[in-house]
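Just below sit the structures, each encoded as structure tokens.
One chain, chain A, appears in both complexes that follow, with chain B as partner in the first and chain C in the second.
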Partner chain A sequence: MSNTTAAATPGAFQFPEIYNFPPFFTRQPNESTWQEQRRQWCDLILAYYKHNRLYSLTLAEAITEPPFTNRQIHRSLRVDVLRELVDDLVKQGNASWTGAKNAKDSCLVLWRKPEVWASMIYQWANERGLFNTVLTVFELANGDDAVGQEFHNLDSVTLRRALDVLQSQGKAQLFVGTSDEDMGVKLFV
Partner chain B sequence: MRRAVGIGGLRRKEAERLAMSKKGTELSQREIEKLREQIAMMKDNLEDFVREHQRDIRNNPAFRVKVQRMCQLIGVDPLSSRKSYMSELLGVGDFYCELGIQIIDICVATRSINGGLMDLDELLRRLIRRRLKGSEPVVEDDIRRTISQLKPLKGGYKIVCFGKRKMVQSVAREMNSDQAKVMTLAQYTCKFTMEDVRVAFGWDEDRIHSCVDDMLRSGIVWMDEYNEAYPEYWVMAFFSQLNSTLTMANAE
Partner chain C sequence: ANEIVSMAEHIATQLNSPAASKLHRKDAAESDEDNAERVDAFRQYLLDLGIDSPVTRNTAGAVFHDELARELCDYLENYVSQCGGTVALVDAYCLYNRAREFSLVYPSDFVQACEKFEALQLPLRLREYPSGLLVLEDASSASDALIISRVGAYIASFGPLTASDLAAIEDCALTLAEERLWLCERAGALCRDESVEGVRFYANAFAAAAAVGAGRGEGDVQEPLWQYI
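Our next item is the complex of A and B:
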């Protein structure tokens, strides 16, 4: 397993060249140009969020900040366009709407899919001989054993999603505690 | 005998024609013979020269260009066929074939962004970046030759100019003169508003709208709605070139 700490990747994020192109922040009327534009935006969002280890996005707030605002060229993406982009990400399994149903004002950005997190956690548990022991969910991601792992200090909502996947695969059992941090999990073969 | 090309070919043809038209001159036959001998000798010399300098031809673009011009003058086309003795001798059949594939690849990959129009300098830069270290250097002349080889393909590859800008077009499209005028208008700023067009050319609104719509539809222009009253239209190919030269300058 890699020895990288689960901190944000060092060094500034490298924006693609198109990020300095003012029309990139306007939804293009030409359909095929828009298809390419939305694809580039989705890639950019996932890469940016992954680089900075960000997990959640509240649309109204996000558009005033990078990557949705480029201060150098004085351009910002509109909220309705961002909503369309998040819908795209949801469709490809890289985001999910949170908050009030159908409000579409906040979401989780799953730059790494829960299935992948799940498999990382499971492999680690196997290597550490942690099967059939009960851990708190908090301990799993934040304990000493997790230091150096990709999922160290993982956002709790995303972590929960990953554990849900393991549970649905029959590889884990979750136990309700008094709070999310008390929640327990047992992993097994 | 190879089909006559270039100045050498023309001279030969003319010489033959003149010779044939002279009535009752037995000298004419001898003149033609001599001419043929001289050309054969020149070809032999050129072959020897090329064989000797094969590596230099592949690795030195300036030198390669000069040798190509010589071949053209004598009436030998080094690019015509991979099987031709000349292209095997020069070893350039592979070079241009590979370059053609790389150019097509780059153009196809960027088509949905720039509508099939790219600045020649930008194409050159991308090619250089993409080619492996140690492979032969590429210059603008090589791109031009390769593009003319690609002409028969359905892609419609050709070089078009807007003012001082040289562009590679990779989509079969006839740009009308209105669009070409607007492209030339925008060549330095990369963008224009409908008002700019009206001030520059005095066209009526319908004509301007129609032109801009065509350019949007072809994907060569993107719209910027920052100023909703006066949207700006940006030519992606012009911007790409400007942006990467700036990026390179800042990096140094």
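Our next item is the complex of A and C:
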């Protein structure tokens, strides 16, 4: 399982068998059954979002589309169940609520944790000798040097989270520009 | 002798008080069961002494419910068997009272007698499901394990079941079919699919998946396999 594969993953997403099992879309009342069900849902959500390079979800819209709707079997996950699943993902560090506080209607899906993105970026900067130079955040993720890297064209909100991690670890300094795209960053040892 | 009689009458009145009859209620506390037995025994002593009590039926309480329980079992045992081993309590009550014709039995007395089946080692049992449904069951054939394996076999043959499907197969009341499906679900043998078409029960594929996962040593790992560092 290499960590320097190209960013784009080819082919259609392979759904697990459980995806075609109608009870998968009903919140199971039996507690131990639910534990297994939610484990499979969390895995599916992260795998699907990673495969399709999606970074955020708005609950009310998401439930009408795959993976939360399976048109073949005419089943959809209910929005309150999805909310419960996102809460689980938040607990394990794989999601983060965005939008209005306590509204819980949109979130980031962190199929790769910001800490992991952070260390990838830092390692790349080390290899390219980019320490102690100021780059724009935009250039860092979208410039020519980033082509072929996992974080190439990374979603800006997620990228910002990763850089925040580096800053808190004392490995980077962010400079506020007039907008997020103008924001600068300097990485150092 | 007069002193003993008046003392006995005083005790009899206390035994017939609301507090004492509370001890016989279904939801009496554990410690109250001992007290209830002592109360019953005492009533029996009073009867033996030939003491009159203002409320005759309650004085016979010690013996009345036991005798009623035996009579009920004799009468209902065959009926319960014919109905496949389980009958809703209300149905049993109606049937029995209709047979008694004139000296009808109060519902509370009926229930109290049924509660004694197990203690008297009679062949029927009173059972309360979590939803509150009360049934009389054949003590020998109505165990949970039997129900679970039967329902599992039906699903293997006929596919996923709704409560009305099961009621048709077992020729039983719809509420009873529901209780059986919920019992299997609580035991983890089944899982449910809720849709506009209603509720349908499947064999629990999640339990099977969990077993495979545990066998592989994944257990409760929070980090999904695909997330590599």
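Quick notes
In this section, the second predicted complex is superposed on the first by the 181 of 189 C-alpha atoms of A that agree within 3 Å, B and C clash if a C-alpha of one lies under 4 Å from a C-alpha of the other, contacts with A are read in each partner's own complex, and residues count from 1 in each chain.
Note that contacts are C-beta pairs under 8 Å (C-beta built on N, C-alpha and C of every residue); 3 or more make two chains touch, one makes a residue touch a chain.
Since this is a predicted model, take the numbers as computed values, not measurements.
With the C-alpha superposition on chain A as described, chain C and chain B clash in the combined arrangement. Of the two partner chains, neither chain B nor chain C is touched by A:161.
After overlaying the two complexes on the shared chain, residue contacts for A:104 are found with neither chain B nor chain C.
Of the two partner chains placed around the shared chain by superposition, chain B and chain C are both touched by A:22. Once chain A of one complex is fitted onto chain A of the other, the partner contacts of A:116 are limited to chain C, with no touch recorded for chain B.
By the touch criterion stated above, A:171 is placed in contact with neither chain B nor chain C.
Within the superposed three-chain arrangement, the count of touched residues of chain A is higher for C, of the candidates chain B and chain C.
Two complexes overlaid on chain A leave one chain C stretch from 40-48, 94-102 or 148-156 clashing with chain B, and it is 148-156. On chain A, the surface touched by chain B in one complex and the surface touched by chain C in the other have residues 18, 21-23, 25-26, 28-30, 32-33, 35-36, 74-75 in common.
On chain A, the positions that touch chain C within their shared complex are 1, 3, 18, 21-23, 25-26, 28-30, 32-33, 35-37, 39-40, 42-43, 46-47, 50, 74-75, 92, 111-113, 116, 119.
Those residues of chain C that touch chain A in the shared complex are 185-186, 188, 191-195, 200, 202, 204-207, 209-210, 213, 220, 222-229.
Of all residues in chain A, those touching chain B in their complex are 17-18, 20-26, 28-30, 32-33, 35-36, 74-75.
Touching chain A in their complex are the following residues of chain B: 112-113, 115, 216-217, 219, 222-226, 232, 234, 236, 239-240, 243-244, 247.
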